[in-house]
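Going by the order they are written in, the chains are A, B and C; count residues from 1 in each one.
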Amino acid sequence: MELLKKMQSIFSPSGEEESMRNFLIKYISENKKNWKKKPKLIYGEEFQNCLILVFGKPRCAIFSHIDSIGFTVGYDNELLRLGGPIVENGIKLFGEDSQGKINTKIIYNKKTKKITCDFKRKIDRGTNLVFQSNWKETENYIQNCYMDNRLGVWNALKIAENLLHGILVFSCWEETGGGSVGYLGKYIYEKYNIKQALISDVTWVTKGIKFGKGTVVSARDSGIPRRSFIKKIINILSANDLTFQIEVESSGGSDGNQLQKSPFPFDWCFIGPAEKHVHSPKEKVNKKDIFYNQKVYEILMKKL
Amino acid sequence: MELLKKMQSIFSPSGEEESMRNFLIKYISENKKNWKKKPKLIYGEEFQNCLILVFGKPRCAIFSHIDSIGFTVGYDNELLRLGGPIVENGIKLFGEDSQGKINTKIIYNKKTKKITCDFKRKIDRGTNLVFQSNWKETENYIQNCYMDNRLGVWNALKIAENLLHGILVFSCWEETGGGSVGYLGKYIYEKYNIKQALISDVTWVTKGIKFGKGTVVSARDSGIPRRSFIKKIINILSANDLTFQIEVESSGGSDGNQLQKSPFPFDWCFIGPAEKHVHSPKEKVNKKDIFYNQKVYEILMKKL
Amino acid sequence: MELLKKMQSIFSPSGEEESMRNFLIKYISENKKNWKKKPKLIYGEEFQNCLILVFGKPRCAIFSHIDSIGFTVGYDNELLRLGGPIVENGIKLFGEDSQGKINTKIIYNKKTKKITCDFKRKIDRGTNLVFQSNWKETENYIQNCYMDNRLGVWNALKIAENLLHGILVFSCWEETGGGSVGYLGKYIYEKYNIKQALISDVTWVTKGIKFGKGTVVSARDSGIPRRSFIKKIINILSANDLTFQIEVESSGGSDGNQLQKSPFPFDWCFIGPAEKHVHSPKEKVNKKDIFYNQKVYEILMKKL
């Protein structure tokens, strides 16, 4: 899990994902010699901060977003939410502006709802700050910021090791309403005729979804995927005796919603482990679910 | 009206429209020999559950969505809205899961807002349920579930009988925020240079829109079509002495909104009869308005 | 400022921008002989009411929307908001329907929230009405309706005079959720490989943004541009000692949001002067900010 831990300390707020993208390029370049198949790396200005890996003759893509929630510094060190982070007094943040590195804590006024930070000097307007990493591990659980979505990215990198045919898409702006999935979907649809996508991300523990009961296959959230694709996935997983839970929600969303809105005929399904303490610095995930999740992705990338 | 009645009992919730699509393909294959012009049928995996008919040298398309509102079964037979159905105790639903056919009724707790059903066993998570058909007809009115939008589909099929030049698009996911109009619009724009669309759907009786006063031409709702296209339509209809009403609303939407959001320069106009008891199992429409609606579509497909 | 004043009295509500588009075509045709470089004019049915000017070998585009907020006449002279205009008793509006020209005033019932007008006869349903122009000028300020966005358009036309390489895009429907930026972005991306856009529009005076302190470079609003593009712009402006203010907001939006949602990899940044009395007939702007704004655009179109 060292790789996951490392990625959770990389600064990558929505719209400013260069460090994560560069980390991935370096990691892949160094490690692909040990992979079953060497992928083609696709990135550059046409793809902003995103990255695509193409393995063999792909039929299905995995989307995992590399951006994270955080805060943008406004006027007089006031903080504006970037995406939907929870806010509590004392949460530790970091970032950097023209004058240097920033380590600070949230000061939250419950009455006025005003969010500021305790940094001594005025931070440059527009500077993004993200949660500081604080890894906690027990026998059954890991807990840190940004399980959402470094865990989804980690899952994609693990799948990469044995993948023969498939595409891995590392997307941006997922936490702030999208902005990259449209052109990423366009590229893989037009160039590789890919119409199937799995969304490798993290979801919520709810009354229907429990820790340790397997990774979560979402039948729907605010987005409505084509039912036949969900059924196909459930049938494959059932036929292979894999452990998973089916989620049915009316809110929440993912890169799947962006694929749904794109002018390309994508089938998509969200699959990922559930967590507690969503969008906080202590997102908690069950280790067995992480393991189950990998098994599910492995089989699906073969069978879809 | 037997065709309309039959279509209202076909299971076709948003994202699971295969039965309606297959019914249409069968109906068209059997009936097109009696049509003035044989259309080209376009469907398949590139079009998910949608269907396109191309007649002659098209200049204008009719969009009618084949999906319907309904409910998705969540945890312990709880029901989640699929689109915006009204909810009342006792409303009859049907569907099917891995264990067989389902006929059940809504149980609605007004206090907790919880919606469940009275089915004895646990229904598979993610199963969709839709209203049961209950056709009622008087001299002037018909009443049933899914006027929205089997009536719009029926209208398109009637227009098909005499259509020489035009495109009929049968779209999906209209009730849940879209997902097919983007690529459908892309296809007809890029392949046939179509930039004009009529939205064949059903709207609401309001203080400005009355039963029996003609089909409704919408000048706007939450979506704002190009004014010159609306004027062009009104001018054609006035010059041909057709009976219609002009709607002006600030809420509501249709496949027109999806065309508006697509990266293609579509002009669009919503045209369809008004109903009472919107999104309930007893949507009520005036027969004269249905008749007027056909006349309006007939002339517009010739003149636009 | 005669040009700006003139444009503020042109009828151009969202979806009905033909007069503004035609005015621009005429103005450009008459004036381009005095410009450093003659642009290529692109318009017509593929572009609805929009207009594109291409100068030399473009690397960056300026988007300025030519539509305005206003009202649509509903049933019995009731008025529905088109976009988000403020509403007050006595605000003067104008328009035209099939029976002739319309000059009228808003009647607003604060209790019922009903908006009507004092016009004597019934106005055609669907007719759009806009604010009447009432130019006020002092030494430091100008005030009128539709600074938003005739000032952004005016800025683009001033930049045109000396522009060697670049694209000017005049877009529609900005005030009502979009509808043209998708295909405009598609065109300039596919034909000219343009991926950089400046949004020439008007923003708000807030606690962090003051009159006379320079034009506003927005680091974010409801839309989140790529941070590296914002930094690039700030670096260019700082290196050239230009006067500007950095805005950081969580609400508000522009054509930038539409570019962000398009399936093309656009970098974009909102740049424009701040105003008071937003979306009213008396939008107020500081003259120095207008001057600073032009300097900023001039340098950016050279350096980006």
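Please note the rule applied: contacts are C-beta pairs under 8 Å (C-beta built on N, C-alpha and C of every residue); 3 or more make two chains touch, one makes a residue touch a chain.
A quick note: this is a predicted structure, and the numbers were derived from the prediction, not measured.
On superposing C-alpha atoms, the copy chain A sits rotated by 120° relative to chain C, to the nearest 5.
Interface of chain A with chain B: the two copies contact each other largely through different residue positions, with under half of all numbers used appearing on both sides. The centroid of the Cα atoms in chain A and the matching centroid in chain B are 36 Å apart.
In chain B, the residues that reach two or more other chains under the touch definition are 261-264.
Put simply, chain C touches chain A in their complex at residues 195, 206-208, 219-220, 223-228, 230, 246-250, 260-265, 267.
For chain C in complex with chain B, the residues that touch the partner chain are 13-16, 18, 45-49, 72-76, 80-82, 125-126, 128, 173, 176-180, 182-183, 185-186, 261-264.
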